[in-house]
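Chain lettering (A, B and C) follows the sequence in which the chains are written, and residue indices restart at 1 in each chain.
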């Protein structure tokens, strides 16, 4: 593991909403093709961190990001075409969002926006992404129904299929299992284990056991502060430095 | 266990009384108008025929039909829409999708409120000064329609903005997260889902535009024209002005003629309004997310 | 190896593609459209001022304009431009209309928002909305052909066109709008206010009068203000029902003439650029400023409500 290529390098990051600091991170490395877990109670700055990576701060007037986020050797704050940046970064939100388009169009939207017009190519992309998101078998006969009317668990897999259609290098998941049944959660977790062969995954969750199942390394955020980063197993074998991390992992607060 | 006390019972009967009283007052507001509509139908209805709708007035407007006025109203409405719908929708898109809460946004909102609130006769003066004289369109369909379009712009803006804001913000976030630009998000997801709401607003605007009189009196509508307009720089007759003319300006009009004109105009406007209400109800009943 | 790939990515992300430029284009286009509303309202003021402005330097006398009731712009020997009678005409008609419309529409709004339920509420709302859609020229015609003989018969007066007729018609016109806005204001009062009061054992009407009405006060005031604005600016209906004769009224049966109606009736007969023409545009400036002020105040009142 030592010497593995770095996908995301965060240095001296400060995120503010108006004048309140939401998150401060001195240094954080996320390696290529790993599943990186971020745990911490609500309000610890996890979501703000994800929003800063793909520059969603531009849609929130009060949000202000300072410091350096280096993605694939590139400073995200200096990217000239922010839309091209976001295409390289897939996002999955806590609540599943099936767009009010057909299932097919949900997945075909991103390729279409990038200029793919060929029907057979689109068919191929839709099928591949739905298969990889473990949704194909359930929807292959009704691709032209509204994606926004699928069940919550199906919509969340549709969201993942949509993210995959961007062919991202980085996949950000924000508490994806919050509105999803346990069976679907397990299926998505299996999908993620496969996906990390092709991309880097950042998994924000408040389920401590989820990072244990999935991620190699984990960071613990608390009250807008990066408390600790380390091998995930260390969090559970007590080899962590900070007492607060130990307390959180053992469920004493949060 | 719970016995109704004297106080409770009294309160209850007072409540009933208040409720009935208010109901009666509400009906008092509506009943006269329904009566009036009945009179319009009763007096103006029998005179309305295919011929009445599709022939020109004759005998110094004391006989004949209303075709030039009907056609003129349709022309005025269509030209007004061509101008005001794109502008109104774009304004609403700006306010709902781009603008943040700044002094400029507040100023725009204030301007829209005032566009809707300025008296129609002031719009008429503006149309005369700006389009007829300054722009040199003369008294024409173009000048009248522009005046009408500006006057009813707020109707489209308000309806469009409401339907845009009814599209949940999560859809936008999801699109932006995929790397869609703001415009791509608006075109692919936001606008298609607001379309029926926009259509409701447009129908409402048609109904408003068709009924206006003062703004077109000096900008493009004529009391009487012996021929139909040939282009948008011609003058035209219009239903609303025609009603004004036959009910106040022309001597010797048979009593039922203005009733028929009024009935046609009211029907036109109310059918449009009803259509917009039905469409809105239908859209609300449709579950898309 | 890795760095090669990274360079490729970074070049990719710095290329502004057609989507980027289209987005900028539409952003600018939408911004221009948004700002056009301001441009339009400013040009309305500009053009009516442009046409009427020189009146201030030529024939305008503050004393005469506001304090004289002699509106004789067509007099050859001594044209006068006193708007007092016209202003009183407008005020009396609007005032009478509000006397009728305010209580009616507030009661209707309360009934629809607080007492009516389900289907009844929906039907009433649709009816009120349809009422608001009837064009003003049709209202004018109703006043002229239905109300006029009715008033003559009922009150045994020679003419049925005047403050009473105009006021009733204007009241019927303004009521649906005021009802709708007032109902919105009542609906905006959060349900937990009502629930809290009901939990204390208050009856529905107590809740309405002690809790809901005070909470919606500003919205209701705004509704009344906008109703006044509507009545003040109404043209065709007033022109057709008020009798249109210059008069300082002493009874509700008197005929009056309104500011708006004066413009509508006389503008067609004036030569562009004449003194009379400019005087009518000056009336327009006055109407613009007053309605602007009414709308502004209503807006501020509503905003105050929201902050609360």
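The rule we apply is simple: a residue touches a chain if its C-beta (ideal position, glycine included) is under 8 Å from a C-beta of that chain, and two chains touch if they have at least 3 such contacts.
Note that the structure is a prediction, hence the values are computed from the model and not measured.
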Of A-C and A-B, pair with higher C-beta contact tally: A-B
Chain whose Cα mean lies nearest the overall Cα mean: B
Mean-CA-position distance for subunit C and subunit B (Å): 15
For subunit A paired with subunit B, centre-to-centre distance based on mean C-alpha positions, whole Å: 48
Subunit A and subunit C, separation of their C-alpha mean positions in angstrom: 52
For subunit A, residues contacting two or more additional chains: 83-85, 88, 113
Residue numbers of subunit C (touch at least two other chains): 19-20, 23
Multi-partner residues of subunit B (each touching 2 or more other chains): 181, 184
Residues of subunit B that touch subunit C when the two form their complex: 11-12, 14-15, 18-19, 21-23, 25-26, 28-30, 32-33, 36, 39, 87, 90-91, 93-95, 97-99, 104, 107-115, 117-126, 128-130, 133-134, 150, 153, 157, 181-184, 186, 207-208, 210-214, 217-218, 240-241, 243-244, 247-248, 258-259, 262, 265-266, 269-270, 273-274, 277
Subunit B residues within the subunit A interface of the complex: 100, 170-181, 184, 188-189, 192-193, 287-289
Subunit B-touching residues of subunit A, taken from the complex the two chains share: 54, 56, 59, 61, 83-91, 93, 95, 97-101, 109-110, 113, 146, 148-149, 159, 162-163, 166
Residue ranges of subunit C in contact with subunit A within the complex: 2-3, 5-7, 9-10, 12-17, 19-20, 23
Subunit C partner contacts - residues on subunit A that touch it in the complex: 5, 32, 72-74, 79-81, 83-85, 88, 113, 169
